[in-house]
Amino acid sequence: MDSTTTEPAEQSLATVLAEIHADLLNERSGEVANYIPELARVDPDSFGIGVVAVDGRSLAVGDAELPFTIQSASKPFVYGMAVEEHSRDGVLAKIGVQPVEEAFNAIALDEATNRPFNPMINAGAIAATDLLGGDTAEDRLARLLAVFERGCGHPVEVDEQVFASERATGERDRALAHLMRSFGMISDRLEETLELYFRQCSIKVTCRDLAVLGATLANQGVNPITRQRMLSASTVRDVLSVMHACGMYNFSGEWDLRIGIPAKSGVGGGIVGAIPGLGGIATFSPRLDASLR
Amino acid sequence: MDSTTTEPAEQSLATVLAEIHADLLNERSGEVANYIPELARVDPDSFGIGVVAVDGRSLAVGDAELPFTIQSASKPFVYGMAVEEHSRDGVLAKIGVQPVEEAFNAIALDEATNRPFNPMINAGAIAATDLLGGDTAEDRLARLLAVFERGCGHPVEVDEQVFASERATGERDRALAHLMRSFGMISDRLEETLELYFRQCSIKVTCRDLAVLGATLANQGVNPITRQRMLSASTVRDVLSVMHACGMYNFSGEWDLRIGIPAKSGVGGGIVGAIPGLGGIATFSPRLDASLR
Amino acid sequence: MDSTTTEPAEQSLATVLAEIHADLLNERSGEVANYIPELARVDPDSFGIGVVAVDGRSLAVGDAELPFTIQSASKPFVYGMAVEEHSRDGVLAKIGVQPVEEAFNAIALDEATNRPFNPMINAGAIAATDLLGGDTAEDRLARLLAVFERGCGHPVEVDEQVFASERATGERDRALAHLMRSFGMISDRLEETLELYFRQCSIKVTCRDLAVLGATLANQGVNPITRQRMLSASTVRDVLSVMHACGMYNFSGEWDLRIGIPAKSGVGGGIVGAIPGLGGIATFSPRLDASLR
Amino acid sequence: MDSTTTEPAEQSLATVLAEIHADLLNERSGEVANYIPELARVDPDSFGIGVVAVDGRSLAVGDAELPFTIQSASKPFVYGMAVEEHSRDGVLAKIGVQPVEEAFNAIALDEATNRPFNPMINAGAIAATDLLGGDTAEDRLARLLAVFERGCGHPVEVDEQVFASERATGERDRALAHLMRSFGMISDRLEETLELYFRQCSIKVTCRDLAVLGATLANQGVNPITRQRMLSASTVRDVLSVMHACGMYNFSGEWDLRIGIPAKSGVGGGIVGAIPGLGGIATFSPRLDASLR
């Protein structure tokens, strides 16, 4: 038996993935997010699927190596970083974990606690980014990129054009940040945090990267290919809980009913999913349903 | 020591349960729901825990045989009945599955679809009850009670005094029903459905019953003691999904983070939980947190 | 030219009215309310204007004698009846006077007080009708019709077909009533009150009637033609205040800015306005702007 | 008859004012706004009343010469400036005129138009300030101060300490500005506009000044003492309309019912009112009702 030979079960998964990819390739519903010109420049018909098992084996089909910006698919990982730095309860004091029926960019905080409802919507994600420590903006960014590097298995970088666009047009996120600041829910490093958040959203990944990131969550925080730890196992438990409950915004409930895999979408077209103990799965398709853009 | 002795692991679970019960027995926070006098008549310090494994073994500690009304802990099962009768998509056309940040009795429907947000809040639960077929009110009640009888393993009955009180004071639920009716989301058997809903909420159960009901969900719909099927396996999958996402109202997200067991509370003091493949767990304590009353 | 000739100023007003009528006659924007079939049966192009001065002189142009149902244009007068029976503060305990940005049929009460926001939106109007006393439904209706008879200067009657339709389709109003009942803001004569409210909305009037009703408000409560008192002068002051602030629903602010006359619209197509000390003005046109239907 | 003798009617008004002042002097309900330390430094028991007739005669009682910051009582006048510069419809395209049931600092825009609901709440007031033209921040401030100088009859200045505090703590207003900016409802001079707004709120006035400003509105825009025009007559009509409808926030409806004078409150303790054709009236009392702070 040749050691490079794939197992029968894996071959069949490759076949299944290829079939799914072929079936969906001509699906043209959904629209590319266009609130910043850079996002609209993508080929709307790009489509890739990646799967990475907790034992490190991986499969990909279609546009799995095409780079795009991670956008909101970064949120679970940054939430995890906040939990590692401040503990579950420390973060819960600032960010709830309750899914909501409102859109991802809702201008609303929990009236009883002034917290953003959860870390998967923009308000809570900005609050999570705000919790990332570091003496300077550069330190904070370096720490954040280092964690994504461990998760992806290679250095990651920010798409500076997308970042510049996000920063220039991010007035609604800025409104959310000032609203949270008015309640003391985020620090006075508000502009720095917003820049860091926009940079975090502008990290370039591929569909394969997202699948590895998903597999890292499925593998209790350890990148199954590099064997590097990205997040602690207990943190990953919390991350998966909020992905499960809130990852697909106000479609999360129906996603759980129909799909059942904890997942997080990004407006760039990526979705990262994690099946605990089995592996990660990711898709890339810039055509988005209304609830995700 | 004879051959009927329980296994060491089980003994230790009994010990653990007894310790938990003893630890919490003096916990006096929370308040008894008092919106109807009958609910307020319960001993606030009653406290029971029940556990039933999918192999049928069971344990109980404290006030596990004390009857109380099931209230909202009935909702997952009636949702399951609606799914069995109308299919997942048939029910989804009338009732969403999105958790919300609002209270259980929120007067709000999804603006895009006019659906109640999910079947665990009152609006959605009334809509689920409305979907239960039957030529007459008696037929519908008989069918509903028969399902609970299969789930509990014995005939169940309605507490007529609590029912009368619920009906007399249920103006907010009545408002919800008329609001849904104004959008055509429920049938014109509105008063009949409300009566059926109030009766469903007034079914008398014990903590042990709730544990068996939870174990039935954990056992893919088959009561592990009587081996009678209550709901189909595919229906149970949907029921567990909505319990997971929405069962503890706007505390569901934090419940999932901290506890992680799909569960449903009732204002009568019962909570039913199900750990798929393992068993059911139930607690009875009339002192309720603010988010549950 | 004889002594019965109208005065020059009045002639010129007649000319102005005729010109305005001619100018607007071909205006085809807006839509007829069609939530009940009876309302949709009207000729959408009917158009009348009526003016009645506080000295009793009157003018009319176009379809000023065509009967239609008064609908929400009844609300100011019933609010006045409630104020006369329970005093300003007695009514304020149950119904606010704050204009809102929401639609006329909003399912919302003031969270601090559980009151409907004002008596011109449906919730507050139902609460006002609820305050009308009487031993029986018949008594209450008779009293209500008597007041409108004094205001119009002739007996008025209910359009029974429209009433039946309103009652059959009034689920949203019924939801509002039960919601208010759940807070104890209306009496337990809920169905009776709703019937009375639907009858009040179904009173048949003409554009000329509405102008007389407006003139009665402009004349401190005394019908300027019959010299009969409809409402006390102090009550009229309150009625005009809420018409001014809330009479045109969430267009009230812009109406005041552009038109400046306290007025109340009805979904049947009538608008009643009052210029204190000068006279009443009414229009009838079933084509409604979006904010009024 | 000595020409300096006051008229009998005026003497009696002086007596009445003195009596009212004496009656209310010991009223201790309400609380001083304390969201910025500078506001909390005022003597809570200060109390003044000023009246200025359209013929220029004036009366004052109590602390009518004590300086305080004008705060939101500046809003009607700045709205007037915006109307003069951009016309009624030009301003209506950016700022509605609909009173709301929400608080003055509500984070909400009209969903249909993205406009702030009215220019008396913070969002709309910031949008009005944004409309003030000028090449530089200094120009805009100079123009604004010049208009208030004409209205007060003497140069006015900004309380720099209060301004610095407002700017430092104005995160909620900043959130509103960014939210409006995200919809393109305000210009990209956002920070400059916010500074101008905070300065406008920090203009020092006395109760007597506010009475003169009210009398200027009552006098169709001409300061009745200096005879200088502050705003055009047609602008004043619009200003009075929005004061009438929205000036006392979500108490505006009840204010109109009970008081009936178009008025605007400021969190510094001043209230300016205008009785068209008669005169202005102002009060100063830092103890505020809940709806005004």
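For reference, chains read A, B, C and D in written order, and residue numbers begin at 1 within each chain.
One rule holds for everything that comes next: a contact is a pair of C-beta atoms (placed from the backbone, for glycine too) under 8 Å apart; a residue touches a chain by one contact, two chains touch by 3 or more.
Just so it is clear, the model here is predicted, and its values are computed rather than measured.
Any chain touching chain A that also touches chain D would appear here, but none does.
With centres set at the average Cα position, the gap from chain A to chain C is 55 Å. Centre-to-centre spacing of chain B and chain C amounts to 48 Å, using the average Cα coordinate of each chain.
Separating the CA-averaged centres of chain C and chain D is a span of 34 Å. Shared interface positions of chain D, defined as residues touching 2 or more other chains, are absent. Going by the touch rule set out above, the chain pairs that meet are A-B, A-D, B-C, C-D. Note for the complex: chain C touches chain D at residues 88, 92, 96-102, 110, 117-118, 238, 241-242, 244-246, 250-254, 256-257, 260. Partner chain C is touched in their complex by these residues of chain B: 107-108, 171-172, 174-179, 181-182.
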